[in-house]
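Labels run A, B, C, D, E, F, G, H, I and J following the written order; every chain starts at residue 1.
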Amino acid sequence: MLKGIPKILSPELLMVLCEMGHSDRLVISDGNFPAESMGKDAIVIRCDGHGVPELLDAILQVFPLDTYVEKPVNLMEVMPGDDVETPIWDTYKEIIAKHDSRGADCVGNIERFAFYDEAKTAYAIIATGESALYANVMLQKGVVTD
Amino acid sequence: MLKGIPKILSPELLMVLCEMGHSDRLVISDGNFPAESMGKDAIVIRCDGHGVPELLDAILQVFPLDTYVEKPVNLMEVMPGDDVETPIWDTYKEIIAKHDSRGADCVGNIERFAFYDEAKTAYAIIATGESALYANVMLQKGVVTD
Amino acid sequence: MLKGIPKILSPELLMVLCEMGHSDRLVISDGNFPAESMGKDAIVIRCDGHGVPELLDAILQVFPLDTYVEKPVNLMEVMPGDDVETPIWDTYKEIIAKHDSRGADCVGNIERFAFYDEAKTAYAIIATGESALYANVMLQKGVVTD
Amino acid sequence: MLKGIPKILSPELLMVLCEMGHSDRLVISDGNFPAESMGKDAIVIRCDGHGVPELLDAILQVFPLDTYVEKPVNLMEVMPGDDVETPIWDTYKEIIAKHDSRGADCVGNIERFAFYDEAKTAYAIIATGESALYANVMLQKGVVTD
Amino acid sequence: MLKGIPKILSPELLMVLCEMGHSDRLVISDGNFPAESMGKDAIVIRCDGHGVPELLDAILQVFPLDTYVEKPVNLMEVMPGDDVETPIWDTYKEIIAKHDSRGADCVGNIERFAFYDEAKTAYAIIATGESALYANVMLQKGVVTD
Amino acid sequence: MLKGIPKILSPELLMVLCEMGHSDRLVISDGNFPAESMGKDAIVIRCDGHGVPELLDAILQVFPLDTYVEKPVNLMEVMPGDDVETPIWDTYKEIIAKHDSRGADCVGNIERFAFYDEAKTAYAIIATGESALYANVMLQKGVVTD
Amino acid sequence: MLKGIPKILSPELLMVLCEMGHSDRLVISDGNFPAESMGKDAIVIRCDGHGVPELLDAILQVFPLDTYVEKPVNLMEVMPGDDVETPIWDTYKEIIAKHDSRGADCVGNIERFAFYDEAKTAYAIIATGESALYANVMLQKGVVTD
Amino acid sequence: MLKGIPKILSPELLMVLCEMGHSDRLVISDGNFPAESMGKDAIVIRCDGHGVPELLDAILQVFPLDTYVEKPVNLMEVMPGDDVETPIWDTYKEIIAKHDSRGADCVGNIERFAFYDEAKTAYAIIATGESALYANVMLQKGVVTD
Amino acid sequence: MLKGIPKILSPELLMVLCEMGHSDRLVISDGNFPAESMGKDAIVIRCDGHGVPELLDAILQVFPLDTYVEKPVNLMEVMPGDDVETPIWDTYKEIIAKHDSRGADCVGNIERFAFYDEAKTAYAIIATGESALYANVMLQKGVVTD
Amino acid sequence: MLKGIPKILSPELLMVLCEMGHSDRLVISDGNFPAESMGKDAIVIRCDGHGVPELLDAILQVFPLDTYVEKPVNLMEVMPGDDVETPIWDTYKEIIAKHDSRGADCVGNIERFAFYDEAKTAYAIIATGESALYANVMLQKGVVTD
């Protein structure tokens, strides 16, 4: 643990967030996402037992979103015919609005299998224990200017 | 994640709990414990951001305490002159009572530096983000009889 | 060994089952399946000396089958011209029926070489000592909802 | 699997038995033995879900017992005050008699903590799922003369 | 060394033969075969100083040939214009006849560069010190039925 | 790089500082210190080309000094007979005063060879390019309380 | 540190510069460049906290630029629509002129995504903490003639 | 060092020469050749400070040239427009004539970039300190007949 | 294989013999010697299926015996009470006489357990398939003077 | 190779010299020194085929000798009764005088077995092909002051 840094960020996660550069992508996946198989070429970080919102909030305190693209945040679209609700998306948008002035405007959606393809080329995937469905979120890192 | 197994138990933690045998010891350490240096000869498992109680409760669902010794659970004694309170110990005792009929009777105390020495020979050390002080707890595994 | 978890599940197998996610596939192969060569990109777990039925039954206690596809379980089709009997398939279907309400309806067949191709992209392959022929079975993991 | 070799012997176990030499010791441990911690300097081979008798019988088909010592086989003594029965020891002696003409005469006993010390210097430890208590057995390899 | 197993089979070779499954291929190469470069994706086992016949004979004691294909054994064809004699092929056929009732009928030939291509996808390549030329032989493993 | 974290802290250094616990020690060594040989049992982090003061200042922004001991900071004493000046020690004390209310009072001295002995048991050693002599400094981590 | 060699060159960097040969390329990247993901097939060397100019100057003292190509130095072009200034390029050109008689004439430009593609095949990427934007520079090594 | 073997052949180089087989290729590169990047899929052996002739002469004492091809030795052609002299080639031919009766007749030339492509698939690349330009030489191993 | 070097010497064995220096010891062990456990701190080289005499003869062609000690060759003494014959020792002495003018005079004996202790500090141990008993031999390397 | 750095210094050797600090010791050993066994806890660098003088001269161009001790250079004393001449020691002293104003005065001697003990704790050992006897030399690194 360190002064002033959210303690949910493990030493390894802190290192990975720090070594990422402009345009690298990070997936915070829900508990049912096949994080290990999607992440064979990525760094997979286990955060079992944690929900996505607390991690998203902690990460955005140190991790800027890309301002060179319109949608640096992407969610996995609900499959046609699957009538699941996704109230957690509103939670995500509120958290993002705390850290980025664009708020919900910088959040996009990607079809399920396209999301998988993107995830396979991400720099890192965080495996959480989030029990909400369709709760995966992908972040694209921006430029650190300070 | 698996059916019927607490999702706070990561794949690696589950493996380690399973490969431990009768009389092996496990330390669930608080966020300030020097887990990595104490655990140079042990397996260190990061559970950053979690408190000790939720891990203790999940672990005791699958992990039996040793019945061949009187005190299979040990806490780190408060240093003389340090007037910190340790209400979290009561929480631990309640959780233990849920899983072992001996309850608080099977919980002992070890002086700080003796605790460090014991920790160095433990099979595994779990590094949590528990912010309570003197919140380390050491468990000795018993026999699985079913 | 752990309380309440079938002891045929080794620490490593437990870890692998736990780290698999929705839609990842697992092959439980018979004793003559070329598990190591098919599994060059997979995790291969040795369970020499065990039959497939006892492993299948233990695995399905903790591992949900995918409900997003019709046939989350697949067997290797007998080669044309090979007049071997496969009574073990009935045993598999009974075991599956104990753990999934769809029973035999969720079990499909795949031609031998197509099965090999699928196996090469599985997340893990378990090498058993099952002496029955055509006794390989492939499972697709579902969502853990509790 | 190979022709004429018991299929409970995994490829790795076969390799380890083969590379052992005269006077090297092998522990076949029961399911509660702390095989991983005792075996930090040894090779640990997992045989989860198997009992000791079937492994002992298979191993003795290829593995000669030392004839240079009187007791090449050793069991862990029951702790004073522990009134557990050990009928499995008779089974072991019958199996040994099938493979070595000295039969039960070559089987000795070692006190629990002395057994642990010996185990720590063994060449290999096999971790089984044997549920009988005090069911650990240590074998010392003899000379292969054919 | 083990009782009843040819002592020319090293611990590692025994392990590899055992972990191979139905249809996996093994090359026993002569002393001039580029075993290491052909075997970049295979397991290469050094048996320097040994001839192929003694290894072939020992291997076939534990390793069944595939009965699902007509030619489970293949030799490298002599290059057109190379007038070398290959009396060692007769030795091979006699050895095969000792272990497989099909005898010489199950031995085929493959053109040199096609043989190289096949070798690159073999499960394992044994590098011998065989001084006869064109003395490489490729074996396809069958089903173990006992 | 991350928002709000000094960019002189590399990803690996950040990870190491974070994984250290209460009472672990860190050496920031000058350019002539034998960091690699002293740190054979430690983690050695290269910060070639940097001076100690800029690293000390950055580290103390996230790293609390131990309040359980009187001298959590220690410098290497000048060898008797060596008449080198150490103005950099004043710089260190000013930096420490910015981050810890005890200021210069928490800074002690250790004789050269005792310093080496302590360094060998440190958790990590940072190798800088500091050209000042006797410019090594050892920090003991305190408790993170927020 | 060594006599006569700039101390900002770490032992590892010195080794890498030395093992590079004629026509190998080196990227000195700014603090926001995705050095780790671009450098998956390269050697990535961390120089956090340093600017590019001090590294460029030190490197060119030991590293000759290729004289077989016209532009052995390349900068990343500003993206159309991005109105950032790049005064650091003038600094680079002055430094290059100190070490290579061609001076600014041997400096070219590459479009952003083409630069990424080139970077992926570089021999090594140095990750600096340079805060100027578009401050990446790619060097092609020449022949050492002394 | 060994009796009767040139002492310029390091233990590792001797091993590599020995494990090469018929038709494997070896590059002895000059000091400016990009040996490490060309040799990413090869074994790279450092012989810094040595010239090519002394290595070539030592290697050919134990390494036969291929007699199945016309040009088992190949040099890198001078680039058109580069008016460098290559007197070292005559030295090479004299050395080859000492060890192979074909002498200079078995030496061919390959265009620079084709040479690079061939080098990428070589079994091993030796990095020398040879200061002559265009001094790279590629050898194809023959059959050992004694 | 290489020209003029006995082909029973594998690439790895050749490397090990070459990297040994004056006074390093090599054990050529018989098939029942516990080579792997004695050699935990040594390099163990498998030569399964070979006898000791053919290896001894090949090794002494390249490996000089130490002339600074009286007995650079040592055999394991027969245990008191064990009435085994050791005709193979005469074979060893004849082979040694071929390569060292001191012949049998430079061959000594070491008691069994002292031999084990010496073996544990040897540089390398060769595991053969020699079936003769008490057939282990230890060689001390001399100075290469050519 | 690099501009201005002796090309006999390999990339790895350069790295090792650079990472050494004040008081670390380096052994440049002759061709018969048991460099690999003495250097089990050190870094061993092969420079086969080179003599010690050319390496010593190149190393001292970048490596300062310790001025805190009287004898930063040490030679291995000739064994009593061994009447070998050591003219190479004069060569060493001339080379040292070129780089250190103390010249031969800073060169001491150590008895053979004491030299071995010192060598075992050195930071690195360079294995040369030097054929002169008693030609080992140990250097202690000083402070880099520029």
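Assume a contact is a pair of C-beta atoms (placed from the backbone, for glycine too) under 8 Å apart; a residue touches a chain by one contact, two chains touch by 3 or more.
Since we're looking at a predicted model, the values are computed, not measured.
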H-J or D-E, whichever has more C-beta pairs in contact: D-E
Centroid spacing, where centroids are CA-atom means, of subunit B and subunit D in whole angstrom: 32
Centroid distance [mean C-alpha coordinates] between subunit I and subunit A, Å: 61
Geometric centre distance via CA averages, subunit E-subunit B, whole Å: 54
Subunit J: positions in contact with at least two other chains: 1, 7, 9-12, 19, 31-32, 131, 144
Touching pairs among all chains present in the structure: A-B, A-C, A-F, A-G, B-C, B-D, B-F, C-D, C-E, D-E, D-I, E-H, E-I, F-G, F-J, G-H, G-J, H-I, H-J, I-J
Complex interface listing, subunit D residues touching subunit E: 1-5, 7, 9-12, 14-19, 61-64, 144, 146
Footprint of subunit I on subunit E - complex, ascending: 1, 6-13, 31-32, 46-50, 54, 129, 131
Touching residues (chain side subunit I, partner subunit D) in the complex: 29, 31-38, 79, 127, 131, 133
Subunit J residues touching subunit F - in the complex, by the definition given at the top: 19-24, 68, 123, 141, 143-145
